[in-house]
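In what follows, a structure is listed as structure tokens, so that the remarks can point back to it.
Labels run A, B and C following the written order; every chain starts at residue 1.
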Amino acid sequence: MTKTNPGSFFEDFNLHQRIDHATPRTVTSGDQALYTALYGSRFAVQSSDFFASSIGYRHAPIDDLLTFHIVFGKTVPDISLNAIANLGYADCQFLGPVYPGDTLMAESQVIGLKENSNGKTGTVYVRTIGINQRDDEVLSYVRWVMVRKRDERAAAPEAFVPQLPKRVEPSALGRDCPVIDPALWDNDWSGSPHRFGDYAAGEKIDHVDGMTVEEAEHQLATRLYQNTAKVHFNQFSEAQGRFGRRLIYGGHVISLARALSFNGLGNAFHIAAINGGRHVAPLFAGGTVFAWSEILESADVPGRSDVGALRILTRATRDLPCPEFPVVDGTPDTPGVILELDYWALMPR
Amino acid sequence: MTKTNPGSFFEDFNLHQRIDHATPRTVTSGDQALYTALYGSRFAVQSSDFFASSIGYRHAPIDDLLTFHIVFGKTVPDISLNAIANLGYADCQFLGPVYPGDTLMAESQVIGLKENSNGKTGTVYVRTIGINQRDDEVLSYVRWVMVRKRDERAAAPEAFVPQLPKRVEPSALGRDCPVIDPALWDNDWSGSPHRFGDYAAGEKIDHVDGMTVEEAEHQLATRLYQNTAKVHFNQFSEAQGRFGRRLIYGGHVISLARALSFNGLGNAFHIAAINGGRHVAPLFAGGTVFAWSEILESADVPGRSDVGALRILTRATRDLPCPEFPVVDGTPDTPGVILELDYWALMPR
Amino acid sequence: MTKTNPGSFFEDFNLHQRIDHATPRTVTSGDQALYTALYGSRFAVQSSDFFASSIGYRHAPIDDLLTFHIVFGKTVPDISLNAIANLGYADCQFLGPVYPGDTLMAESQVIGLKENSNGKTGTVYVRTIGINQRDDEVLSYVRWVMVRKRDERAAAPEAFVPQLPKRVEPSALGRDCPVIDPALWDNDWSGSPHRFGDYAAGEKIDHVDGMTVEEAEHQLATRLYQNTAKVHFNQFSEAQGRFGRRLIYGGHVISLARALSFNGLGNAFHIAAINGGRHVAPLFAGGTVFAWSEILESADVPGRSDVGALRILTRATRDLPCPEFPVVDGTPDTPGVILELDYWALMPR
């Protein structure tokens, strides 16, 4: 029997199956420094112990998406090693702040299975939970992937497709955010004069700046997250693959778009939930990422007078500046939209 | 009204205007690790808690230039987003040691303004102060930049050009350096047998080694400093720009030259002040940086018998080894000098 | 007299000579984060304070090879600046765990000298010791390098070639590993169900995955280790050199192979000793590294019922997947084996 991990194929998954993922990972200020170097993020809460503690945090938490990427990375060897496509995310909630020194672990449960009509592949839905060393849940999300069957003649499980919310309810937001004091929030330090009340549904913001991605950068990022998906690292095999080159981890694009969004959303200090995300087209090294955002909703968070929630649809593009707010146009090989990310951000009132 | 930062144009600046810059930034051992990985610096005081504390420091401070780059980076969105050229630095003093865990903030004051005769641009002089979470000044410097006017017909402010010192006085040096015990300074560990008394004005030192710069490296560095200047990151727009490619942050060259200078100046453990600096020609990825130094002065530091100060002029070159001590020759497109940096370094007696 | 380091030539070395190397280096969680980002290593003990402390460690130690590379890097300016080839390693023992916050220093003794018959070069054998700030030995190894003579007419020292063990004795292993509790070792978290007893001499494991190396990555790594060997950094001079390009530090290949070996050896949590290593062929940026391992021996560690020792021969290749377990075939310019590393790893019973 081989001792290497062959990954799971579609027929290996069972509804309600639970999976404890390797590897527990202590997150440190070193990880956060690398995160800053990889994306140039400038949100004050995550950048400064002094700023964070002045408004009510213990000290600076790590970036929300760093938590997401580390938890996500752990699931790859068990869930998506034989995946053909990462189809979507839903109901992603950030449930507790993660500080340097905390250890992140991940476990998943299979919540849906559906064989495709071609009999060669199927869709696997998993709910993944990120927990810390005190067994607190810090993250919970659903993703679904298309996975190859090992044996096309294997019997299909009974199809079950879970009901997924279109968006996280505002009442569920902000559990991981301490009550902050908006009067102590210094707009000069945070880099933006615009608070929650200054944004309205329908508003569109071009984030202006562009960032070109190098092979070394996305490889460093993806390894930092201990994400082992082969397509990101192996030029020897990818040269013979679908694209002829290494594919950049979709989460790298999400983090770039979020960092670029600082220019226009500087006080959107915390991603409270991700309602959904789609990687519309691939990104390769040498591409330049731009982004723009649309405010979908402006919502009160029940019980919170310190912060409000903006539901934001951020689109990232490849080699296409966004002054005209481009949308998906169905031509994946030309410059255009590569990511749609629908998320809730908290902002001080 | 746009919520993105358009940057300030020449006519937006007022003499004596004060600016508090975003983003407060806690510096960590992660940042210092990245700094080491980016430049390979080997100065013992900044590399080792054990060495630093044995001679009188609390523990290892972060690299002086890491402090400079982080403070500098904060000023970019407010001062130089619409700059055409970074013209110079003067009177840069390091005033307090920065340790991992400290938070750096920056504020600037406009100390000079002068419209250029073409009526399209002007020079802005700012004094920038870096402060820590205890409100101690840790850095102070002047820089001047050429900034575009938004409207060529805008009235010019009355011209005021500040008087700037050619060099920082030796009596102002070393405030951020504890009294060290030169008898406990181990030359084997520091990597050089040459102390303050072994150097004399007029001496020239070729630092021998060369370092080739990759796109990923300077991008990681510049993002680590949260420096948002567009020319460093956006190949899509720079392809249409002046050089057809991304320009490397000048501070990256300064740090490379300083790291290379270890070979010949291994005991010059602390940059106490920068008298002036000029980026004579641009650097692009693929270029190899070499450096050589000339000792301009050897000075006692009043009240200090532990250390002396060397005034050093370090020149960095692109694709030109320095055994013949090249100087600026006015042909920016050929291999040659790209940086002149005039600074004071402390050395144990 | 020049103040730059010209390095030592063969005739400068004396038998029994002792050398204290610069620069003391405090290792931090930032260094470990970079190590993870550079190689994607997933061994649970080094990744997680929580996991490490649950089985008996104080908290997560830094990666064994990070210790090795940092100690090795310190010896370069004194031992191998004028080396033509790094010929081999032997009797490398890890003697104490290294935790973030510890400072590493290195000292060497010349234990052998032998001029080559051409009179132009000679082999220098050194025993290098890595010590921490409490003067504990944490690492000890022998390496030998071929070094140029400054003056071909210089007299040769009397030849002395030290006796070196083919392998470290199992009784010498594990001094730096606390007694762990295998019952508390969670296979799900560590990422492998295979314990010591599941491996037998003769077994071969293809580690499957491949990793392409970029210039920026190996330069970041090698500078992190403060290794100053010129061939890794200077494209300007290497363009005229033997290969026409920068040569990747051999230790970078060792770390890549070790990280890849997680897939098949996930519970081989600690490198207790390196019996020998050979860099069979060079690696350059753009090459993809694969690896496979052969179990040479399975040994009890005297006095230890918690862990056993596997002697493993890991071969790394360039641009050659390893399902057929390739061996050195003597054609260095084609894809094939670039590293043979014979080491002892500890595994829980």
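The rule is short, and it goes like this: a residue touches a chain if its C-beta (ideal position, glycine included) is under 8 Å from a C-beta of that chain, and two chains touch if they have at least 3 such contacts.
As the structure is a prediction and not an experimental result, all values here were calculated from the model.
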Cα superposition of chain B onto its copy chain C, rotation angle rounded to the nearest 5 degrees, comes out at 120
Shared interface numbers for chain A and chain B above half of all numbers used, same, or below, different?
different
Take the average of all CA coordinates in chain A, do the same for chain B, and state the distance between these two points in whole angstrom.
36
Quick check: what residues of chain C touch more than one other chain, meaning two or more?
28-31, 33-34, 214-217, 220
Give the list of chain A residues in touch with chain B in this complex.
28-34, 36-40, 42-44, 47-51, 60, 186, 188-192, 194, 198-199, 205-212, 214-217, 220, 263-266, 286, 288, 290, 319, 321
Parts of chain B lying in touch with chain A, wherever the complex brings them together
2-5, 20-26, 28-31, 33-34, 77, 100-101, 103, 105, 133, 214-217, 219-224, 226, 228, 230, 233-237, 246
